[in-house]
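What follows is a group of structures, each given as structure tokens.
You will see two complexes here that share chain A, one where it goes with chain B and one where it goes with chain C.
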Partner chain A sequence: MIRLGQYLPGDTVVHRLDPRVKILSVVALSILIFGATPAEILLISVFLLAVIRVARMKPAQALGALRPVAVFMAMIFLVHLFFTEGRTILSLAPLPVRITQEGLVRGVYVTWQFAGLVLGAAVLTMTTPPSDLVGGIERLLRPLSRVGIPSQDLAVMIAMALRFMPMLLEEYDRLRMAQMARGADFTTGNLALRTRAVAALAVPLLLSAFRRADELAVAMEARGYRRGPRTTLRELLFSRCDLGAFAVMASFFLVNFALRMAIR
Partner chain B sequence: MIRVENLVYRYDAGAPDCLQGISLDIEDGAHTALIGPNGCGKTTLIKHLNALLFPRAGTVCVDGMMTTDVSSVREIRRRVGMVFQNPDSQIVGMTVEEDVAFGPGNLALPSAEIRRRVDECLAMVGMTGFEKRAPHSLSGGEKRLLSIAGVLAMNPRYIAFDEPTAYLDPAGKQRVLEIIRRLNRAGMAIIHIAHDMRDVAEADRVVFLDRGQVLRTGTPAEVFEKADLLIAVGLDGLPGGCGS
Partner chain C sequence: MNPEQTSLRGMVYASLFGALTAVGAYIIIPLPPVPITLQTLFLGLAGTLLGGRLGALSQVVYLLLGIIGLPVFAGGKAGLGVLFGPTGGYLIGFIAAAFIIGKLSALKARPGFAWLCLSLVAGTAVVYALGVLQLSLVARLTPVKALVVGVLPFLPGDGIKIVLTALIALKLRDRLGGKLL
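Here is the complex of A and B:
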């Protein structure tokens, strides 16, 4: 199962922060990372590392978040390394590519930017239970309900998708086993054969997902679900701590931004 | 009281009637068992009790409110809870406590009240300590208990159970039956669909459905007296050692 930035329970300031503060902070950091100078990237990285430290995340856990995108990062790096014009530092003749100094700098910089984005998002998802995350998104989007965007329905939809992901995986396993028990073979044969065997699972899986969605809709109705205002178990409350964190983030953002403006 | 009168229902226009003129009273606080072979209309019948289905003819009336009256539907669904056969497709929340909170949330209750109900209902089914668990990490029996807690949190007056002991091991069955017994003793009316006659021996009344009609109704002793009738439709657990 994919464990991309999965929640790691903990009891630190970062864990306890209002999800809205964390979501806004990640958005602000991402904006800063785009178009940041190398010096700013360094500053942001130090900041991120400090947050990771405060959240008592192990370095391995933080790096683990980068693992699923490692190949992608390597590609970004190589593309910039080989295809940037500039002063050649290593020619790879007879290959039609060469490494330039600018390419090396640019590659490191862009890869670093990307890692910063992923890491920032990972800190958010690793320190916030999914339900709080959904609740936070819902509350942030709530002003949009005035223009007809149903934020509460969206939140229920996201929550439901997260709830049913593991169930669909289970169902997939069950169907696979049932077909294997009747002689289907998913592990030998060439790629085309194996693809066909897996494709044979898609139709029953889809059908069962639809049937389940139908049952679920009825069960939700039976428990009084309808569009319109509803309340949740945990009301998000802005504490003094949240206010502090918000102030830190806001000033970090503003100082960074002001510096950038001043330099230009 | 829930009063069902001459209820007729069919799923599709051309199809034969699935319920053919059923009349039935469910008294406050009574334990009513619904039995009958597969496809006789038990599930269809209970879906009418909380306005998930609407009669083609006849009426269903919950505490004086017609299920066909749109303005009453919400209150009817609050009063008549429904525990479906498959717990997997009625658990909505990402965690146990959030699932129990789903119903009260739909009633737009304040968070403190939701918290109180969640704790109370989880305690009632013996699942205190499971609050933060993800539903997919629970066993079949625990999912069943969770689905019951989710319905209890609505604070209903009636609960319809659709084969609540299906797929459970003997210990799990006893646990669920004990919860049903306790709820009934506390004054909640129970409508209980069962295939195993042993599960409903304590019911106040047994309603025997066959092909969309009430074939027989009475106390368990009265209904089970005509054992040949039950054997003819293949029901389990008859006194006297028939069935499995």
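Here is the complex of A and C:
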């Protein structure tokens, strides 16, 4: 999945941008990807590839971000391919499933959406040092602290959750394989048996996660982490370059939006 | 242990459960009739194990992960668009549900299996109430139609998950042992 630790130092425009601009761009991108029309799909794809190019990310690195979620991607593609009602283009006669034209279109579309989101988030985390990312999120959430929600805590918590996610996915994979090697089966057997198999996965996953969480809490305490307002070594500065990127992103957003309105 | 330390541990656990809820979207288990994901299992555990306030906070973290563009919403979606779309009500319901599950199960000093199930049923009802409300408003379905497409197919899976959640919560709560507040 997306790793904060995977930050790849570099000296491109994308690396130097203010994290706030990058975070807002990813937010905007995720809004655009949701419900994108065909013309937008083309525009967004080109835009994403261009950003990856400008950030000098190697194709292997970009694909590397997709690899941990490849199984899930294949799964959502197949689910839509087989379970969408519509005009049949291929019936797999003895099997109770068939491929419809609508299913194929829908499957490609949903998979594209997912890949676009992962790549967008990957560009963000690969070009932004973790501390800057937290700083950026904190700054963006600061209005929330007026209504009593501690923005500093939330930003740190998001950063921690980002670190936990790949760890949890890896751990889950390991446990699943370990259980399967011991003969666990999630596809046959009665309901009680299958439910037991799920519990046999969830409990060790949670226990190992708790252990990691305890370790992290102790490590943070040991380094003197205190809640409440913090100061940062690097102050966020909004440069002219950031303003430019912001303008590019805003106009890209508006163009897509106009396109969508025009088609309606 | 001074209060500051415990609250830091609580923060770490809330983000852990936010991450678990996110990862839960990727863990699909083929149980008939509708495959289940482990998302609501972790949602229920966040409420029962962390309590109302931290449980709700963990779901806020989860929603924010999705809003900043990580594909952590059901089916690998992300973004504010999903939150305002037809299925966004379920997601907003997660926060309310974790809070209610936590508060309800904390009414008893040491809730048993039945009480945990009851709180989880209440939490699930909240998710569906908010989910169906938004579904019928955004997709312009009548409330009955929204119930049929947005609730009924998932009820068997939810029943199984509620029982499973309560069992796991009983098993794990002594591991956390009230050190989180």
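Operating definition for what follows: the second predicted complex is superposed on the first by the 181 of 264 C-alpha atoms of A that agree within 3 Å, B and C clash if a C-alpha of one lies under 4 Å from a C-alpha of the other, contacts with A are read in each partner's own complex, and residues count from 1 in each chain.
Everything below uses one rule, namely that contacts are C-beta pairs under 8 Å (C-beta built on N, C-alpha and C of every residue); 3 or more make two chains touch, one makes a residue touch a chain.
Being a predicted model, the structure only gives us computed values, none of them experimental.
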Given the touch rule stated above, what does A:R194 touch, chain B (first), chain C (second), both, or neither?
second
Examine A:A70 and indicate which partner it touches, taking first as chain B and second as chain C; both and neither are also allowed.
neither
Partner touching more residues of chain A, whether chain B or chain C:
C
Tell me the contact category for A:A250 with respect to chain B and chain C: first, second, both or neither.
neither
Which holds for A:L162: it touches chain B only (first), chain C only (second), both, or neither?
both
Return first, second, both or neither, reflecting whether A:C241 touches chain B, chain C, both chains, or no partner chain.
neither
Figure out whether A:R227 sits in contact with chain B (first) or chain C (second), or with both, or with neither.
second
By the touch definition at the top of the document, which applies to A:E170: first (chain B), second (chain C), both, or neither?
first
In the superposed arrangement, does A:L92 touch chain B (first), chain C (second), both or neither?
neither
Examine A:L29 and indicate which partner it touches, taking first as chain B and second as chain C; both and neither are also allowed.
second
Following superposition on chain A, which residues of chain A contact chain B and also contact chain C?
160, 162, 212, 216, 220-221, 225-226
Write out the stretch or stretches of chain A touching chain B in their complex.
129-131, 134, 159-160, 162-163, 166-167, 170, 212, 215-216, 218-226, 229-235
For chain A, which residues count as touching chain C in their complex?
1-2, 23, 26-27, 29-31, 33-35, 69, 72-73, 75-76, 110, 113-114, 117-118, 120-121, 124, 137, 141, 149, 153-154, 156-158, 160-162, 164-165, 168-169, 172, 186-187, 191, 194-195, 198-199, 202-203, 206-207, 209-210, 212-214, 216-217, 220-221, 225-227
Residue positions on chain B within touch of chain A in the complex are 47, 50, 52, 74, 77-78, 81-82, 84, 86, 88-95, 97-98, 101-111, 114-115, 118, 134-136, 150-151, 154
Going by the contact rule set out above, which residues of chain C touch chain A in the complex?
4-5, 7-9, 11-16, 18-20, 22-23, 26-31, 38, 41, 45, 57, 60-62, 64-65, 67-72, 75-82, 85, 160, 163-164, 167-168, 171-172, 175-176
